[in-house]
Amino acid sequence: MDISNLGPTLVLGGARSGKSTFAEKLVEATGSPMHYLATGRAFDEEMQERIALHQATRQGKGWTTHEEPLDLVGLLRRIDEPGRAVLIDCLTLWVTNLMMEERDMAAEFAALAAFLPEARSRLVFVSNEVGLGIVPENRMARDFRDHAGRLHQIVAEKSAEVYFVAAGLPLKMKG
Amino acid sequence: MDISNLGPTLVLGGARSGKSTFAEKLVEATGSPMHYLATGRAFDEEMQERIALHQATRQGKGWTTHEEPLDLVGLLRRIDEPGRAVLIDCLTLWVTNLMMEERDMAAEFAALAAFLPEARSRLVFVSNEVGLGIVPENRMARDFRDHAGRLHQIVAEKSAEVYFVAAGLPLKMKG
Amino acid sequence: MDISNLGPTLVLGGARSGKSTFAEKLVEATGSPMHYLATGRAFDEEMQERIALHQATRQGKGWTTHEEPLDLVGLLRRIDEPGRAVLIDCLTLWVTNLMMEERDMAAEFAALAAFLPEARSRLVFVSNEVGLGIVPENRMARDFRDHAGRLHQIVAEKSAEVYFVAAGLPLKMKG
């Protein structure tokens, strides 16, 4: 797989759909030095342990892990290098973190959109599709799915490949 | 795109999936006089303003806008004319309005199903897929997604083309 | 359709997506003796009547109905026979029943996974995709969609064919 000069890959899927595993395989297949950018934050000890376990597993396979809940674009710029592959897991947690910090979502999304065509590393984004259920009664949840949906459209538009994953199976939507 | 003699088009998608934008592009590509049938009702001033803004944008591109929360089939019959394209946005808001007025859903859906094969204009329906989350605890929400699911099956069966849109990307399910 | 030597079929879809009707047609097209394995439990009279009605309809078309809320693998083994077709409707209700009885989910899923490659009958599984909405606030609902997602990955991996059904239309994900 050579996606270096084409643009990023976006892997969308539901909860426990196998989207992260599929994205990891995509990156491992590149044969490039692999960087993992985790946007999630551990809120308790159990989650810290789980994250540490995943990190150890990836480390054994040669991944370098970065953690960045908010400044996604800044970190992507800092580690951007030709021949590298970077897996971002996941966009929806980034959206959650930005909302909790009351950031300007449109500005953050625009900054990411501006970076994508300049990126020299191979970027693979993972994100949760969350807009296919009933309209949530909770206002925050409605805003969240609106932001996530907008971000997916933005990243998909700049991506060379977009996959929708269900039951561990990828469906190519673009590319 | 010539869908005039084949039957309607159904565009399904989640919240902020880009389904309406995709449907508008489909209609604009026909080169036909364009009619927009809005089924939504403005419940407050903010929503009225947003609707007015969208309407002004469409008007500048040559669209004629109609608003009809309940008598969808009646309005479709009144504006039905060969060579015209009609975008109906959206079926799920129509279902919501029918439920709030306690209409006979089966009868309403049957009336639409009966009209579709007779329609002379090019019809493009937009609707929200809402059945792919957890079963809602709220009875009304469960009924809503049952009605929406049944209506989607009815319209899809009579349609020439069905698309599923995610992240702004259309996936052809039929046609 | 000859899926006898290839492995099971998994039919995923949302609420009222037409997934069960599609799965029934798949089984009826095999021309094999047809067995229906219902995992749902009737909790009230209305549901009992609805189930009895469906059963009578299937019986008229030559189906034999079995009801088993928990011991899915045991029943599948008992009725397993070359040349037979078995429709399991549905996996998500089985997951619900297992959770209510506090069974060891991983052990149950492993037992099903072990049986699938040995099955001599043609198996068609129906299941609800429930992971594409907002993260549920309810812990039990979150666990449920995690279990369902894991089970879908397991069954899909062992399946010859996987379909995603929306608006009554099947989309082939595998096979």
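We call the chains A, B and C, going by the order they appear; numbering starts again at 1 in every chain.
Going forward, contacts are C-beta pairs under 8 Å (C-beta built on N, C-alpha and C of every residue); 3 or more make two chains touch, one makes a residue touch a chain.
What you see is a predicted model, and the numbers here were worked out from it, not measured in a lab.
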* Structure fact -> Rounded to the nearest 5 degrees, the rotation mapping the CA atoms of chain A onto those of chain B is 120
* **Interface residue overlap between copies chain B and chain C, same or different (over half shared)** => different
* To do: State, to the nearest whole Å, the distance from the C-alpha centre of chain B to the C-alpha centre of chain C.
  => 32
* To do: Mark out which residues of chain B touch at least two other chains, giving numbers and ranges.
  => 14, 129-134, 145, 171
* Touch list for chain C against partner chain B, complex -> 13-18, 129-134, 136, 138, 141, 144-145, 166-169, 171
* Asked: Inside the complex, what are the residues of chain B that reach chain C?
  -> 10, 12, 14, 129-135, 137, 145-146, 148-150, 152-153, 155-157, 162, 164, 171, 173-174
